[in-house]
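The next part holds the structures, each set out as structure tokens.
Two complexes, one shared chain (chain A), two partners (chain B, chain C).
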Partner chain A sequence: MRTPQKIALLILVAVMLALPQFIADMPYIVNVLILAFYMTTMSMAWNLLGGMTGQNSIGHACFMGIGAYTSVLCVVKFGMNPWVSLVVAVVVTALITGLVFSQCFILRGPYFTLVTIAFAEAVRQVILNWDFAGKAIGVGLPYVRGNNWLLFSFRDKAIYYYVAFAMMVGVYLLMKRIDNSKLGFALKTIREDEDVAAAIGIRPLKYKVIAVVISASVSAVAGFFYAGYYRYIDPNIMLQSASVELVLPAIIGGSAFVEGPLVGGILMVSLSEYLRNTFGGILPGINLILYAVVLIVVIRFRPTGILGWLHGRRTRKEGKA
Partner chain B sequence: MSVIIEVNGLTKSFRGLKAVSDVSFVTEEGAITGMIGPNGAGKSTTFNMICGFYPPTSGTIRYRGQDITGRRAYEFADMGIARTFQIMKPLGNLTVLDNVASSAFFGRHRAKDLRQAREIAAETLEFTGLYTKRDVLAREMGTPDQKRLEMARALATKPDMLFLDEVMAGLNPTETEDAIALIRRINNGGVTIFLIEHIMRAVVSLCEKVIVLHHGEKIAEGTPDQVMNDPIVMEVYLGTGSREDAAHVEN
Partner chain C sequence: MDTFLQACANGLMIGGFYSLMGMGQNIIFGVMKIINFCHGEMLMVGMYLTYAFHVYFGIDPYLAMPLVALVMFAMGALFQHTLITPSLGTHSFTNLLFLTVGMGVLLTNLAQVIFSSDYRTITTDYSSKILAFGPVTVALPKVVSFCVLIIISIALFFFLKYTPIGKQIRAVSQNPLGAQVVGIDAKRIYRITYGLGAALAGLSGALLTLFYVINPTAGSNFGFRALIVVVVGGLGSIPGAFFAGIFLGLLETLVSLFIGPSLRTLVVFATFIVILVIRQNILLRRR
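After this line comes the complex of A and B, so read on.
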């Protein structure tokens, strides 16, 4: 990375860190930003499997849901400390997805995508019909007074803001590291061509399972955060629409780039909230229509996403020079 | 010279259709062995069986005396066997450098980090004459360069044995000469080569031994000269002569 970019990045991070001090009396804005960080984290998790490995999942809300439910049920039913429940949630999610998807990766392309949809819906139905998990009513976390790090519950939204921001940055750094590692090269080679991967000594199945397990584990962490923030979850968090929604930031930002979900996530969540605020009152539903229009325009005219477009413009310019 | 690959009674049937039938041959370590034959003769099928992409219906493949029949494709790079694909398969959205770096991470180099992988890749690109294109996306290159990239990617796994599947198809005469020179250089570096090729000039100038397949069967084997003058091979390539054609006209 060049020095001016580094400085710009540092300034951006500083602004993000200082921001809650200035908008503390605007809980709505803080909430939108927390949501944006959460969505971006989820989208980065998706992008490891979708963008980097080329295995498109439309079931990631379910990975997040398994994490959220495991953590909340451990806390509520077994009186576990939330931080311990986070570890349990990640392990459970990793095990389930590893076991299920190691059997499903013989399916390629759209067939794999269909399996992710079926898997997500199956898990949602199980929760919906399971007394222990609160059925359709869902489960809530117990009320905690004040700010309590040990029980992961805060009265100050600003703390959630920092936690979400740290989670997003941490996941970004993880993804960046993977991108430049042997694992990342294995995944990208598999995305481009599985026969080539095999010919140079990469076992496609092994690496696809690693990708789905990491992706699901990160989703589980995001699920833990989601539950800790909203203090209540129900099976609707695993709806198909939720899975689709968290794919969009990666696609809009540019799924070929580790930074894609970052750009897309911040942009799309802010845009969607802005539209809802400004137009939602004028005519109910118009904000969703406008959101869809923006989506269609980007996908139609810039299918490689915002970063793909900027990158292409830069390389073209360099080519001419 | 010792035998590096030994193929015995190799047969492949696709739902009753015999694509390759009872083919046996050996290749010598350090040599360049060629396989020729008309379209549909079963060359690529034989090739894919040896490289672990198709399981053979029957027969055995030995590599340095060890039975490797039924080994999976991803195990070959570790054994020191690399291949190219007849229909080029560039990793289109990666740069040329990263295409080759991926091989350096796996195969037998086992680069420990990206810097080392790219160093190995850069060396390989220099050797294959693609260094100036290292930052180009692989899909944006033309056929000759993509063919070269196929070879560079295979080489970066550090093989002892290299299988080349029609790396000269679609090249013009100058590019063919370049490819021949490159294959010679690879071979001089100690890599045993087995190649499928349609371009006779290349086969004649490169191969010590040629195997001819027709309808899935081996019909001849020998030096390029011997094979070219073999009556059965001439019949397969040039037709059965004018006597029969005349008979057809009369009827």
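After this line comes the complex of A and C, so read on.
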């Protein structure tokens, strides 16, 4: 990275860190940003499997849901500490997805997408029929007074802001690292051509399972944060529409780039939440219409997403100079 | 025994709709190798079109069917021509997938903005009539819809088998390059195929309106089941789709009868995953 870019990035991070101090009296904006960080994290998790490995999942809300439910149930039913429940949630999610998808990865392309949808809906139905998990009513976390790091509950929205920001940056760094590692190259080879990958000694099944386990674990962490922030979860967090919504930032930003979900997420979530807040009363669903229109326009005219478009322009300019 | 027969009758009726939806999805998937994720939403659009024709022009839902089919065909062909065909060139499965997903989100929310999310129904003077076949009773509109549905399925089968356009559709679906070599305009076939799929979904919607609530998310149940029908019935097979749809409908009602209605969806989806995995394992072993 060149020096001006580094400085710009440092300034950006500094601004993001200082922001809650200036907008503390506008809890709504803090809320939107927290939501944007959360969605971006989920989108990056999806992008590891969808953008990098080429396995399109429309069931990521379910991975997040398994994580959220495991952690909440551990806290509420077994009196576990939230931080211990986070570890349990990640392990449980990784185990379930690893076991299920090691069987399902022989399916390719559209068939894999179908399995993720069916899996997500099946898990949702299990929760809907399970007394222990609160059925359709959902489960809530106990009320905690003040800011408590040990119980992961804060009265200050600013702390949630920092936690979400740290989560997003952490996941970004993880993805960046994977992108440049042997694992990342193996995954990208599988995306381009699975048979070629197998021929040059990359075992597609093994790497795809690694990808889905990492992706689901990150989703579980995001789910833990979601549950800790809203203090209440119900089976609707796993709806197919939720899974779709968290993929869109990655596609709009550019799914071939690690930064794609970051750009798409921050941009789209802020815009859509603004629209929902302004017009939601008169025209419910207007934010999703905008989402869909932007998505369709991007796919039709800029198939590589916003970043792919910018990147293409820069390389073309440099080529001319 | 009576409840069993009744459940079978209900399963048959709902299965017919899964079949019709599955056939539309089947030809789209067969020809372009893309999953049409807005198929259920197109059914919903068909429902609202029928509703609009009924409320604003006083047209009977069954008589509105040709109009609905025509409008849906035009919409589908336009969507294919302006959006999907250009994106087919990028060969990005992800983009094509989320193009149709985005279309579905757009249609659902447009319907919500235009018609609000209220539940609507169409009532005619014959919609509450009930027919009795021995111990089994079925509402008259369900019987009529089912008969129309069978006629459409048979007509579609013969259309694909014997008409020139039908033969061209099958040719493109088997080998797009070869079809173009012998002079078939593949892009035109894409338009017709997608329009046909949309029209079939719209017709299913029109047939459903008399005994199903109309709301912006009414199609989501049918959309995914249409995909199950495609996978279970086999690609490119219209009779396969027909029987898979009936089978799915019967499975659903019988599961709710013997195991419990709340577990219906779980059993269906879990069965689907198992069928997919086993099927793929068999295919791999055969190779």
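Operating definition for what follows: the second predicted complex is superposed on the first by the 310 of 321 C-alpha atoms of A that agree within 3 Å, B and C clash if a C-alpha of one lies under 4 Å from a C-alpha of the other, contacts with A are read in each partner's own complex, and residues count from 1 in each chain.
Everything that follows uses one rule, which is that a contact is a pair of C-beta atoms (placed from the backbone, for glycine too) under 8 Å apart; a residue touches a chain by one contact, two chains touch by 3 or more.
The shown structure was predicted, so the numbers you read here are calculated from the model rather than taken from an experiment.
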item	value
Per-residue contact with chain A, leading partner among chain C and chain B	C
Chain B versus chain C as contact partner of A:56, first or second or both or neither	second
First (chain B), second (chain C), both or neither touched by A:198	first
Chain B versus chain C as contact partner of A:122, first or second or both or neither	second
First, second, both or neither for A:156, with chain B first and chain C second	neither
First, second, both or neither for A:181, with chain B first and chain C second	first
Touched partner set for A:189, first chain B, second chain C, both or neither	first
Residue numbers on chain A that touch chain C, as the complex places them	50-51, 54, 56, 58, 103-104, 106-107, 109-111, 113-115, 117-119, 121-122, 125-126, 128-129, 240-241, 244, 247-248, 251, 255, 283-286, 288-289, 291-293, 295-296, 299-300, 303
Chain A contact footprint on chain B (complex, rising order)	51-53, 72-78, 82-83, 85, 89-94, 98, 101-103, 105-107, 111, 113-114, 117, 153-154, 156-157
Chain A - residues contacting chain B, complex	180-182, 185-186, 188-189, 191-193, 195-204, 256
Of all residues in chain C, those that touch chain A in their complex	29, 33-35, 82-83, 86-87, 90, 92-95, 97-99, 101-103, 105-106, 108-110, 112-113, 117, 216, 220, 224, 227, 231, 262-263, 265-266, 269-270, 272-273, 276-277, 280-281, 284
